[in-house]
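In the part that follows, the structures are each spelled out as structure tokens.
Look at the two complexes coming up: chain A is in both, with chain B in one and chain C in the other.
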Partner chain A sequence: MTSSFKSIEENLKAEAGKLLESGRVEIVLAYGRGYDENHPMPFVAKHPSDVANMVFNEYCIHNLARYLVRYPRGTKIAVAVKAADCRAVIQLIQEEKIKRDDVVFLGIPVYGMKNPKTGEIIDSKTTCGMYNPVLYDVLLGEEVHGQKIVSPYDVLADYEAMDKEARWAFWKKEFDRCIRCYACRKACPMCYCDPCFIDQSKPRWGDKSPQSHGNLMYHLTRFHHLAGRCIDCGECSRACPVDIPLYLFHKKVAKECEEMFGQAAGMSIDDKPALVNFRVDDSDKILE
Partner chain B sequence: MSFEPKILGIACNWCTYTGADLAGTTRLEYPQNLRVVRVMCSSRINPSFIFRAFQLGADGVLVGGCHPGDCHYNTGNLYARRRLAVTRKILEFAGIEPGRFRVEWISASEGNKFAEVVTEFTRQIKNLGPQNKFKISQ
Partner chain C sequence: MLKKTAINKISELAAVLMEKGTLLAPVKEAAGFNFREISDAGQVNLHFHNTIISPKSAFFPQMEDFVRYQTGKSILEAAPVELNLKPVFLFGVRPCDVKSFEIMDIHFSGTGAVDPYWKKRREAATIFGHAFDLNEAADPAEFYHTLGIGAADPQGSDIFMVTKDNDLLFKSITPKGKKLLEELTMLTEASAGDRKYFEDYIARGHDYKTRFASVEPKAIATEFESIFDNREFWKNVSNACLSCGVCTFVCPTCYCFDICDETLFNKGTRRRVWDACMFTDFTLEASGHNPRTNVYQRLRQKICHKYSFSIRKYGVISCVGCGRCTRYCPVNIDIFSIVEQAVKAKWYKRL
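This part shows the complex of A and B:
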């Protein structure tokens, strides 16, 4: 049984109010009204009176973990997290961008989030397909059970079966449409480098104009930087104005990392990110 | 004229590069298609080097490092192994032939192995033909 969006909203307001009043946190990251019902926006509550402006409905898809790294270290923050967002926060803790003690997880177990662009329900096709937060301090609704469990990597089968020439043609077509707005980078909770490699001019890693070679360099390197860190929230593809299916590539890299290194990103605060770790007995077969 | 591939070799200073030196001093013959860049450790290799090499016209990239456990910095090549394995998967999923990128562990005493690997890799790239997918068209 899932809690309704309305009851989650009520719980969110109540918990956020309590946390702000008690002084446990300085900031609550949640969702607020946008220009219409279908487009809620990330919302920062700093005072108990702000809480009344919070909303939660099926279009609150943003990954609020994105905003955690914008505050100075040591800021006490409560953040409303859905399943994938929760993994993003855990991943940030693993990477020592934030401390566990500084964050309060307001876990939201939810099924039936909808993409405002298409109106489709967001499930394992474009995201990690989890509905319950991995870790939480406060749970704002009942846990979701009884949904069909589909591996988030099932959607890859068609692309893996493609001939490599066809796959190259597919990605070339997709990347050529990129207009280099960097919305994927802005939406991604794991993209916090300052400056981003593509903004560096010394060395200049890739062309910044929207041409195929620069686009390829930007996207492939970004996939690489997110290897073993991407928590598959699907925000990059939802943020993309030209609808490049970036989630496919991220899923593929995440899948390979999981197979090779035996760990998925953001599942436990005790893990180390796969690519800044090693095992002496890693097989050389992974290079073949 | 037959196709002569351009191959970028990125070799670790302590093992593969010294191994290449040994291959030279023992007068071993291997194809001239390899252009070697020396780095201090295989974990110095930013994966973007490899993407960039392909963009700038390399037909193949060969990375050489110390055998796992023999790294001059103890653990460098163990990080590199994981990182380059991911690079390989990314190249493969993007649709480039995975045979164009290769990682080999060659120690300072393995001049023979260096010559063999280069010979074999060059033959492999010749069979694959020119790499035009990533290459920036002029």
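This part shows the complex of A and C:
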């Protein structure tokens, strides 16, 4: 670790305090105390005195970009972002949900983040595997260099070894366990549709009961709505109470998009979302 | 009546119960334990702390079919779905979850309007309660002690089970349980030492500490009434809330449901499906108006329903402190902390 969790926490408090005191932002989205050390929570600071309650440790896995669209347009917000979270904010800017000028990126260079449920390190397994935010206004620690770079797509090895039938059987089995609590879409920073297609009643796209066909309709549609937009933070999989490995599908689609369009989601505010942007030299692979 | 068997012979007991009817017991799955209908006696696994989904689904399944019909045909041809239940054995329920059945009985049959599905499933079931392991630390999310529930309370179970070294002790609590224990001839008679161990264990259950706050139902109902309109308080506690349905789906005392007509081609089923007050469309009216558009309003509803409305209407707190909502919340929102804040902190006065 280049900067310790403790020093990142100190910097976070200091920078958040300054931003709130100067009036540069109205809100700071960061992490606060939860019911114990292993369970910190997303936290909203509105007064300079609130920053005393901020924390940062290896369990601060939540993607705070999720909360940005909840505030009225034009609200000045500072948001603490790890690498994947930062890409989510950039993607939201690309999609014109928020404006660059309204957001202050408090970048957190970090590795060794852990899933509080399992204690396992999530770096490239369920997240994008990057250590440094791709864009920031303030950096809350020293950039991470020299740490082994692992491709976020390495975990796909077993999945890609399956043939079409095996993959279909795999997902049917996984989705049969779904209880339709919708934690995946609610934890997702890119799932901001209101209403979500699955909640619509005219027409009704999928059944409400947790059965194969309705579950498939919900998940497969959501997967495809996120094609070229998923920034691989892995929050959907961690939010799932029954541990459905949703990240596998998202990673697979992200990988294919990257191969076809030469662009990963949320890497630059000057990009256009891959599936929105038409270029004459776009890949036709999908039609083959 | 106190009987016993070796824990490694639990599959033999399971096999006997499966012959007598349907056995629902904890099974280890990918993400943790859940109660499932047992098809292979070897699946029963008592090495669990608690299940992900509460055992309410034994009586109130996430999906319950009511009527089958065909579109375009007369309503007279629609066929109600009859429940023909074999005896059900609900095996290994923790004391806090057993308590939840008593609370759910109020909603489903205690208020005059009787839900026949709930009632039938309840009557068909024999509940094997199972004390928490007192040598193991409580889960940090749990707080059943706050609700006056001991870690080894046998009330509400038909048969109550306590683990003693490599044995499992069974005590009949109700006449129904006694009758069943008599029929289970593969269990052996317990010794005087076992009897003492059992009684001591139940007593020790009250000293076993989970998180605790002094909560007097009437006082807390009043407290929540006084802050109901305090938007700052509710916005503050719901800042992190994603408004997903995890907490309500895993909760043993959440009972909201939706009635859905689900049709494929011309064959339809009218069924009950769990719903959650945390969903945006839960309060969406036909006119398009939605009285609860904000996250704080929905979280407030969930907490006040359990810690205020339920007390005013039925005199009970509709929560058993099992800690599931906290444990499975993707953003670690903790109902206990919110209740604690409401009771003692009065933080909102500084604003």
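By our rule, the second predicted complex is superposed on the first by the 284 of 288 C-alpha atoms of A that agree within 3 Å, B and C clash if a C-alpha of one lies under 4 Å from a C-alpha of the other, contacts with A are read in each partner's own complex, and residues count from 1 in each chain.
Keep this in mind: a residue touches a chain if its C-beta (ideal position, glycine included) is under 8 Å from a C-beta of that chain, and two chains touch if they have at least 3 such contacts.
Because the structure is a prediction, the values reported are computed rather than measured.
For the composite obtained by overlaying on chain A, chain B and chain C can both be accommodated side by side without a clash.
Judged by the touch definition given at the top, the superposed model places A:Phe278 against chain B, while chain C stays out of reach. When both complexes are overlaid on chain A, the residue A:Lys148 reaches neither chain B nor chain C.
In the superposed model, A:Cys257 makes contact with chain B only, not with chain C.
In the superposition on chain A, A:Lys202 contacts neither chain B nor chain C. Following the chain A superposition, chain B and chain C show a smallest Cα-Cα distance of 7 angstrom.
When the two complexes are superposed on chain A, the residues of chain A that touch both chain B and chain C are 213. Across the complex, chain B meets chain A through its residues 47-48, 51-52, 55, 68-69, 75, 78-79, 81-90, 92-97, 103, 105, 133-134, 136.
Here chain A touches chain B in the complex through residues 159-160, 164-172, 197, 205-206, 213, 216-217, 220-221, 223-224, 227-228, 249, 252-253, 256-257, 260-261, 274-280, 282, 284, 286-287, going by the rule given at the top.
Partner chain C is touched in their complex by these residues of chain A: 34-36, 38-44, 62, 66-67, 70, 116, 177, 179-183, 185-187, 194-195, 199, 207-211, 213, 235, 238-243. Partner chain A is touched in their complex by these residues of chain C: 29-31, 52-53, 62-63, 140-141, 239-240, 242-246, 249-250, 258, 260, 262, 264, 271, 273, 276, 279-281, 295, 326, 328, 330-334, 336-337.
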